[in-house]
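There's a structure below that I have some questions on.
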Amino acid sequence: MKTVAFIGLGNMGGPMAKNLVKQGFQVRAFDLVQAALDDIASAGAYAANSAQDAAEGADVVVSMLPAGKHVKSLYLGENGLINLLNDNALVIDSSTIDAASAIEVGKALNEKGIQFVDAPVSGGVGGAVAGTLTFIVGGSQASFDAAKPVLDAMGKHIFHAGDVGAGQVAKICNNMLLSILMVGTSEALNMGINNGLDPKVLSEIMMQSSGRNWTLELYNPCPDVMENVPSSNDYQGGFMVDLMKKDLGLAQQTAMDSASATPMGTLANSLYTMLSNQGSGKKDFSSIFELLKSEQK
Amino acid sequence: MKTVAFIGLGNMGGPMAKNLVKQGFQVRAFDLVQAALDDIASAGAYAANSAQDAAEGADVVVSMLPAGKHVKSLYLGENGLINLLNDNALVIDSSTIDAASAIEVGKALNEKGIQFVDAPVSGGVGGAVAGTLTFIVGGSQASFDAAKPVLDAMGKHIFHAGDVGAGQVAKICNNMLLSILMVGTSEALNMGINNGLDPKVLSEIMMQSSGRNWTLELYNPCPDVMENVPSSNDYQGGFMVDLMKKDLGLAQQTAMDSASATPMGTLANSLYTMLSNQGSGKKDFSSIFELLKSEQK
Amino acid sequence: MKTVAFIGLGNMGGPMAKNLVKQGFQVRAFDLVQAALDDIASAGAYAANSAQDAAEGADVVVSMLPAGKHVKSLYLGENGLINLLNDNALVIDSSTIDAASAIEVGKALNEKGIQFVDAPVSGGVGGAVAGTLTFIVGGSQASFDAAKPVLDAMGKHIFHAGDVGAGQVAKICNNMLLSILMVGTSEALNMGINNGLDPKVLSEIMMQSSGRNWTLELYNPCPDVMENVPSSNDYQGGFMVDLMKKDLGLAQQTAMDSASATPMGTLANSLYTMLSNQGSGKKDFSSIFELLKSEQK
Amino acid sequence: MKTVAFIGLGNMGGPMAKNLVKQGFQVRAFDLVQAALDDIASAGAYAANSAQDAAEGADVVVSMLPAGKHVKSLYLGENGLINLLNDNALVIDSSTIDAASAIEVGKALNEKGIQFVDAPVSGGVGGAVAGTLTFIVGGSQASFDAAKPVLDAMGKHIFHAGDVGAGQVAKICNNMLLSILMVGTSEALNMGINNGLDPKVLSEIMMQSSGRNWTLELYNPCPDVMENVPSSNDYQGGFMVDLMKKDLGLAQQTAMDSASATPMGTLANSLYTMLSNQGSGKKDFSSIFELLKSEQK
């Protein structure tokens, strides 16, 4: 079985690495936090001393890092893995970063004969633990095919979005759209409530009409319309406002770099920034419903 | 079988009245346009000389008119039907109008013992002809129950949204949300295309992710992603920009009257107004995709 | 000297009527509130028993009422003044109302030979007391000339905006623009502060550059940049958020009626609605600065 | 007299360098374009072979480059001037770039004892030729004092905005606000015109009321209200849409980096991106008036 170096064992990376161990991969893991290393070691992985130590001789490297600068530094910086990996190695970067950084790293690795895919995930910590993540992958067909068995060990839906960088672009398009669905649905529900409608009834009507969307299906932002969603639990859990704000920042960067007009995406960015500035950064992103509603209601 | 007076035989009203005839109702129809009267007469209805003539002795009145002022005039104006209808009559107004007008008319009729529901439709001319419209109904449970058999003869989905006026509110909430879905989806697809993605692939990915919504399912705004949608037919047919602009105007009225903050709804209104002002008022509303895309592409 | 009937003696109308008395007009005043009547009587006006009593035989009627429906009722409703005024009378409506209502009233009066101008004011209670209001007038040149001496007794700047209704349109255009200046200036100052700039220095630089606008000149929204403005007094006094919200509602109505695209005006409306809903309706409208700023700062 | 190295002789830099020559500075100039070098040489400057050649022994370096990456490369890149300049040298970067890059360069130079100010300009090519530019300067008081005589030779208004980077921030705050003034004024004028008002009359009224702003004073966006402005010359000349788009991009970057909510600034960015995408990138930025107006008018 293949040897996989796993760099970045946070809330997402840790359980993803464990699933690789479970599926029989030889995992050489590294993180700057010792507790994360201890945890993965107890699950059966080799706890490396450094990213370089982890990557030494690996067939595949998977990285799960916070931002483009960390990814660039890991692969292209001083002691970058680019100088250490085998010619036939495969790099899978599952971080959510700007497409420009993904393309820069992918291009540099490809020039050395190393395969690269950007493969950002969605599905949250729950999906990471359960091995049911969605991966949106950018890279050549050959690289995608090579990455598929590794991704299958950690996820359920594996999409091939296009060439290197396309995974990041597709994810950010999706999440920008998601934020718009969430704000729009919140506006519609609030306006209905302010006019005396029952939010459950209105949700059901729109769900079966042309207003249907993912948030009405699975993630209603109005408290007590659905069970087991953050809005019915004081907006705890779920996908934090500050993470959505990060993704909307990447979306604006992508829009500017490509001269794309995204009036609703930028408005969503402003609204989520206001919400975060008012102290709700750690709440679930469906709490935008609260920003819009009337105080008295 | 019951006698139904049908007032307003336009593109929608005409086929709706015919379906009532087909289902065995005795229909007394009126419209200001003689050709519409001739048409409904040939289908088996009585072509009345006036709205008053049509409503004389009817069990039910169905009206399908352009705006609140027409509805108010029909029922409450000079020679208004309010003075002519039986105590146990039922009025179904299927016009899409402002909720305030619906409530004013409903209240006045109720005070005279006449039942009233506002029952705006969606589904377009195709749905009117096929008898598959969706009705979103506001009124008491008793009035809803009384209206149900009549509506069943013209539609497929009949929702009870709440008290008088709730039908109009729910429809306008839904259509405001629909416009937001359409703009947001167009923004996401354009940004993807501008970054080299195939819109079919991106649509498929978002469709299976948290960006899923009615427009991706059934009404993709990007040409040649779906067959048999307006975007693949030069934005002909479908639901006109100017009709969406009308609905967004009603939504803004509703938002203002209820002090509801609808930042994306108002932005959609501005964008559709710009689109209409640029000469696209008669195109399908998915042509907002064209307003956002780059000239060179 | 001419006899002036004054209808509506609120915070604005009361001091305006007193200035007419001071300038030697014979004033016949009416209001539904007895205290307001007593007050104007002690200032030397005749306290009428009704609007009809006040208007009986008057050369000029000035009205200062909350909304279009009140103005329409006063002149065109049951016992409307239209049936009581002399042929050569002049009506000056200084209420801030929708242009459509002003045009409806003006047209009806003109058809009876009665002159009409819409003459909304700006300048606040302070300007009403000091007699330094600005009047923005719509009506024929002859009506404007006839109204000028009366308006001069209450104000300092008298503009002729165009035909009947133009006064309302011009005022609402101005106030919509004012709201945009206020939000935009608040955004710029906040962004500067968040990047370490001194708001006084930044205000001074923009004031002398192409960002110059009325709010930087006279009404800086950032606390302690200027003395004697609401922002330096906990946003007390000045022009209330809820009044700006009312004007932005009229602006949206005007925009919709004329198919005008006003993306920033509608956004301002949404933001002021949010601000009001968060409980700041009675604060000065420069408190939009607070909605935008970061919590921690 | 001091020796000034001038790097970047484009439309702005060329005439700025000439003004330094005229004021008696010894200018050592460099640009990648030979024609620009020939031109400055004929004006009396030394045409250097490279940036390094120009900077050799200079007391002051002035740079005028397109973007942050060029500035970073010039000073901190391979053969960066940081390794070549005297300890007591002064660097003035007049490029309009992101504040983060300015701060990075300034900090690095300061650590080597080299003084640095960021000093972006406004005033356009006309101001560059006439020596009447406005400079908005970031840096220590000592560095500002040192730069003042050099800037005086090229400009008329020299503002000290704060520490290093503050010049860039203040300029971008101002230009973001300017774009908002321009869009808002265009909306108000269009709405007035659509309701029958004369744009000259409306402009005059708002100019003397609370809507007053720089665009109404000097740069009215409606054709034929003012003489000698781009709007009266088919939107030729002036400040190009694409340059405003660049500045709004920097503003969005600054807003995101500082978690600042700028809903109108982001909306302006979207509208200018749409305008550019529709083919108006080379027109003056007041042509946003055209994007908003009705086709028929």
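We call the chains A, B, C and D, going by the order they appear; numbering starts again at 1 in every chain.
Note that in this section a contact is a pair of C-beta atoms (placed from the backbone, for glycine too) under 8 Å apart; a residue touches a chain by one contact, two chains touch by 3 or more.
Here the structure is a predicted model, which is why all the values come from computation and not from measurement.
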Task: Identify the chains in contact with subunit A as well as subunit C, in label order.
output: B, D
- line: Note, CA centroid farthest from subunit B's centroid sits on chain D
Message: Suppose each chain is reduced to the average of its Cα coordinates; what separation in Å results between subunit A and subunit B?
response: 39
- prompt: If you average the Cα atoms of subunit A and of subunit D to get two centres, how far apart are those centres in Å?
  reply: 38
Field: Junction residues of subunit D, two or more chains touched
entry: 255, 259-263, 267, 271, 274, 277, 292, 294
- prompt: What residues on subunit D touch subunit C, complex-wise?
  reply: 99, 122, 134, 136, 157, 159-163, 165-166, 169-170, 173-178, 180-181, 183-185, 187-192, 194-198, 201-202, 204-206, 208-214, 217, 219, 251, 254-255, 258-265, 267-268, 271, 292, 294
- line: In their shared complex, subunit D is touched by residues of subunit A numbered 245, 249, 252-253, 255-256, 259-263, 266-267, 269-271, 273-274, 276-277
- line: Per the touch rule above, subunit B residues touching subunit D in the complex are 263, 267, 274, 277-279, 291-295
